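To keep things clear, I will list the structure first and then write my remarks on it.
Letters are used for the chains, namely A, B, C and D, taken in the order the chains are written, and counting of residues starts over at 1 for each.
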Amino acid sequence: MTNVELDELRARLDEINGQLLELISERAQVVQEIGVVKEKQGVPKFDPEREKAMLEKLVASNKGPFTAGTIRSLFKQIFAASLDLQSAEHKKSLLVSRKSHKEDTVIVLPGDIAIGGLSSVMVAGPCSVESEQQTRTVAAALQKAGIKVMRGGAFKPRTSPYDFQGLGMDGLRILREAADEYGLLTISEIVDPAHLEPALDYVDIIQIGARNMQNFELLKAAGELNKPVLLKRGLAATMEEFLHAAEYIMSRGNTQVMLIERGIRTYEKWTRNTLDISAVPILKQESHLPVLVDVTHSTGRKDILIPCAKAALAAGADGIMVEVHPDPATALSDAAQQLNIEEFNTFFSEVKASGLFRQN
Amino acid sequence: MTNVELDELRARLDEINGQLLELISERAQVVQEIGVVKEKQGVPKFDPEREKAMLEKLVASNKGPFTAGTIRSLFKQIFAASLDLQSAEHKKSLLVSRKSHKEDTVIVLPGDIAIGGLSSVMVAGPCSVESEQQTRTVAAALQKAGIKVMRGGAFKPRTSPYDFQGLGMDGLRILREAADEYGLLTISEIVDPAHLEPALDYVDIIQIGARNMQNFELLKAAGELNKPVLLKRGLAATMEEFLHAAEYIMSRGNTQVMLIERGIRTYEKWTRNTLDISAVPILKQESHLPVLVDVTHSTGRKDILIPCAKAALAAGADGIMVEVHPDPATALSDAAQQLNIEEFNTFFSEVKASGLFRQN
Amino acid sequence: MTNVELDELRARLDEINGQLLELISERAQVVQEIGVVKEKQGVPKFDPEREKAMLEKLVASNKGPFTAGTIRSLFKQIFAASLDLQSAEHKKSLLVSRKSHKEDTVIVLPGDIAIGGLSSVMVAGPCSVESEQQTRTVAAALQKAGIKVMRGGAFKPRTSPYDFQGLGMDGLRILREAADEYGLLTISEIVDPAHLEPALDYVDIIQIGARNMQNFELLKAAGELNKPVLLKRGLAATMEEFLHAAEYIMSRGNTQVMLIERGIRTYEKWTRNTLDISAVPILKQESHLPVLVDVTHSTGRKDILIPCAKAALAAGADGIMVEVHPDPATALSDAAQQLNIEEFNTFFSEVKASGLFRQN
Amino acid sequence: MTNVELDELRARLDEINGQLLELISERAQVVQEIGVVKEKQGVPKFDPEREKAMLEKLVASNKGPFTAGTIRSLFKQIFAASLDLQSAEHKKSLLVSRKSHKEDTVIVLPGDIAIGGLSSVMVAGPCSVESEQQTRTVAAALQKAGIKVMRGGAFKPRTSPYDFQGLGMDGLRILREAADEYGLLTISEIVDPAHLEPALDYVDIIQIGARNMQNFELLKAAGELNKPVLLKRGLAATMEEFLHAAEYIMSRGNTQVMLIERGIRTYEKWTRNTLDISAVPILKQESHLPVLVDVTHSTGRKDILIPCAKAALAAGADGIMVEVHPDPATALSDAAQQLNIEEFNTFFSEVKASGLFRQN
């Protein structure tokens, strides 16, 4: 056999490719027409029994050289592509997706504080609200440093039922009062759908924590609100699951959603979690939502917060969250990893000095 | 220097060891007395400020050769040991712990079906309750196979808000009716605290799913019930977190708790999750609660369910959970991994034939 | 539009499916013919430039409704299937695969000891060979217990260069002498290709350790030998990588390969590694090689060795490896996890009593 | 009981603390003296049998309230601290540690190219050296872009023995010639100790790859050379293991070691590995060695290389490694993730434009 013959075989291949393309395209059009009918009839587009029957017919007609398994696999791909097309046409893509909303979402908070736009945001405050004095001390320090948004936990999801569980609604009240006194906005975690409504008076941003990232009832309830929501990535959630959790909120009508990477669980022992820095550009690319990074929980180590915050901003994060406590050694939760006020001031100065923190 | 001198040095070491022992023991007694006082006064036993002050004093007095860091670390160990002693004396250890309850907990269900005793249990049924007919078909097959407990999801926590979310309360009703018709008990997942009460009429065992293992509000609410609870290990939960999640339920008064291992998230791609078989003996050792293994979710592969179920029983599991569907290819969830009825019959026969499934 | 019209659309779909099947099959035949030509010419079958050109042509001709991306993706699948077919015809599948060798491989050792057949094997011995006395003490105990194969490390891959690195060739000699005295076979890890030849006099089975699972030079060198090789799964190797590592050995001609699961690295802290029990049935299914389980390294805990060994056998493992030391507290490596002789005797008795250990 | 009594108890506690401190310090001195004797006698300092005897004696004398377990644990800590002291005095700490070498190590290459000092380095080149033309094309582009160090694989560790294994010594020669023509330095991976010597003529930096990070024989052999070594972090290596692997090289005398983070294996599927950005500041803090980041392998995605490279530099990395190929689609390895030359130019421009790449 000569190269001439090889060329002939290749020409035949090109011909077949062209015919396949025509048939696949026609097939897609027929599927689209069927989709229109189904849409009108209100029946689901995916019909597994029909797909199964088609596959069986194909396998029965197959005379080789492909095995039944390969035929099944190839046609499943073709079927799925047609179905995707149908979905893409008649149903919007994910609301969180940049495909459905090209521009960056900017969350505008009271006092015209914006998250997600041209300026970076630094969210700081104690792990837990413990007392009026502790909270006011931090609030005063934050105001002085030029911080606009203060965090503080009132409902604390703790591994053990015997650990400090937070001050609850009292904690929210203390946080609000301290924040008002020092001109700050507030963010605090809510863990029970029933607490969302009452919390609205006290918090400017609802936080949904890592352990509740797939507490879908909570997500749905938060989706009914007209209040910004900061959603934390789960302990071992994939980015895909993270975006779908945000979709639960958005699909209920609340478009003010922010994502926050907080480290994922790995085998490494020198950090509390592993800060998944690549999640920042990927989430920014896949979605239009603001993306923050919680440097405290992702590392669990005070001594690397500055480089990690810089890395987060360099990777494109819209903001940083960090824990600050007047006296970390006596904190009722996360004692080892909170910055004291002096450390926080150094931290924030160095982050600003890097030029990576965009101030407006 | 001779060996004589070495022996002298060693004798001095033994002497110091003895003196250290005496002092450490006396120290522990003093801490216990302080604990009694604090108990009466109702103040927390751990006083971080006092500990900090003691450490600073020690470091200030330290003339070497240990560094300040080593002194801090050694005395923190000594302080922690004393504090543990105090806790152990005045507060019960974890309720889930075998230390507080030596015998195996046996959950007795209606019809004198027991989980956790001398016999093994096989829990089977569809991933989701989809229709009356589908549920009755499975129920009939289970009865015929000698199964006593049927699973079936009515509230499905799904990654995407656009996936089938289950039939809700209707699903529970369908499950109950089919189960009653075929003399079976029911188990179904509840995801919202508000649904626990209404579910009591339909389910004999409340399941709390992997995604909700640290939904502490749900755990607390389940702890208020007088109904057995099956708690699934979280997607990437440590065993310690798993036991503490069970403690949330027990600490509210509900002692009828069962644990179920369902695979953990790892890098391996040939299985959906990695079945952590060592969790079975460790959980049995650390706690007195029944331990089951969900072979379907831990592997995500039908072709290894038999050896994995045998392994689970050989490792000491009290039972197995497996998904069965009359026509898996058309299932609305987990289509790929459910057994059809014939496959289930083979599965159950082979598991029984191994002699590892203890039948009473 | 009526259901009649829906039926018509579906009929057209079936027709197109049939035409696609014909074209895809014809395409595959043409690719096979091209493969024959290339085989003769000795040129590689995969030609990425040609594939790229074909894809570009298709995308250029595409008039929708599929996007260029979907067309690319579908045709890549079709191209890959054809190429696989070509490979499957002209090149054998993996030598480790059960597709290329249906029957279980049985490794026959001196004294007609078989691994991988109808009987189970228990491999036991110290982590490291430390002295003649220590090794002889273990060997005597193993003989008494009816063990046939003794392990003992002479070249120890240790995390720190300052840890005990093993006795090297001296260790192998000590192991051989003790084994000969008590009628045992030997297995020991080799880490340097240069040591393989000299080791042949001392060991009956060459072990390649977890850290060297992808030390391909060592694998290739072991593949040149006529001596059984026990290959450990890497610390975080996928099963696919594990089988390909075995393929490196087999592709050089050595067919006497055994696989051993030894736990994978996960976030869980209560075990040293996570024993991936599902790997046992999957490896047995995918390959024809004997599969063992190292219960010591996979768990790192003496207190769960019995249930884990039973689980391994119930899952289909051909054997178990366990570490035994006359005085574990003084061991130069792995002090915490080795069984002493009495503990080993209990362990082995209980494993045998379960009926899961098949004795011939 | 009154607060007065509480104060008295606390005073007694302080007194005991002081006495414990004195005894512990005296104990440490005695252990140091014993260490001096042992040093002279050449016997190992850690004597597990002696430690065991001391512990047994203490447990036997223990009258409570601590349990035997707590006593054992506390004294093991005290013993270990004394032993550490002994080691710290008489043996240097790890050579890789910043404690033994405070200043940053700067590797000076021919042509006064420095890695690890005040300027950043960009290492670029193809995954594999495939041909003279391909290599020269890249070299020309790199020279034009101002790159000084070119990478190119000649010995490729591939998962499958049937994948392209690299051109071997021929590949090194091609790399050297292209590099010389365009005034570049070379870096290439060596996998076999036997190839190190011959490679010295061709490469300016020896790379040890992720799969060989714990191939200790290779590390030791590289430690004998007078040539810079770039050590990649293993697929699932902890930072501690990574530093100890570097110690293997340094302990043999070669002080020119660089570390490179290349992503760790996690459950996340949207990236090939997870870039552990926190490893950069921790490795810089713990060790004095230069730390680079391989953005190609850590992400496996071209579309996020720019933000990830910026993040790495912001976190303190001394350099970046990235793969460039004239025509990635036809590459013999890693086809999907290599940049083409135009993409590389954009990448490098944007990284430089960020101001994070320090040019001298």
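Definition applied: a residue touches a chain if its C-beta (ideal position, glycine included) is under 8 Å from a C-beta of that chain, and two chains touch if they have at least 3 such contacts.
Composition by chain, UniProt nomenclature: A, B, C, D = 3-deoxy-D-arabinoheptulosonate-7-phosphate synthase /chorismate mutase.
Note that the structure is predicted; figures quoted are calculated from it, not measured.
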| item | value |
| --- | --- |
| Number of steps on the shortest touching-chain route linking chain B and chain C | 1 |
| Selected pair, greater C-beta contact count between A-B and A-C | A-C |
| Distance-maximising chain from chain A - centres being C-alpha averages | C |
| Computed distance of Cα centres, chain D from chain A, in Å | 31 |
| Rounded Å distance, chain A centre to chain C centre (Cα mean) | 38 |
| Averaged-CA centre spacing for the pair chain B and chain A, given as whole angstrom | 28 |
| Where chain C touches two or more other chains, by residue | 236, 240, 265-267 |
| Residue ranges of chain C touching chain A (in the complex, touch as defined) | 1, 5-6, 9-10, 12-14, 16-21, 23-34, 36-37, 40, 50, 54, 57-58, 61-66, 70-71, 73-75, 77-78, 81, 84-85, 236, 265-267 |
| Interfacial residue positions of chain D with respect to chain A in the complex | 236, 238-240, 264, 266-271, 274-278, 280-282, 285, 298-299, 301, 303-304, 307-308, 310-316, 354-356 |
| Chain C residues within the chain D interface of the complex | 48-49, 52, 91, 157-162, 191-193, 211-212, 214-218, 234-237, 240-241, 244, 247-248, 251, 265, 329-331, 335 |
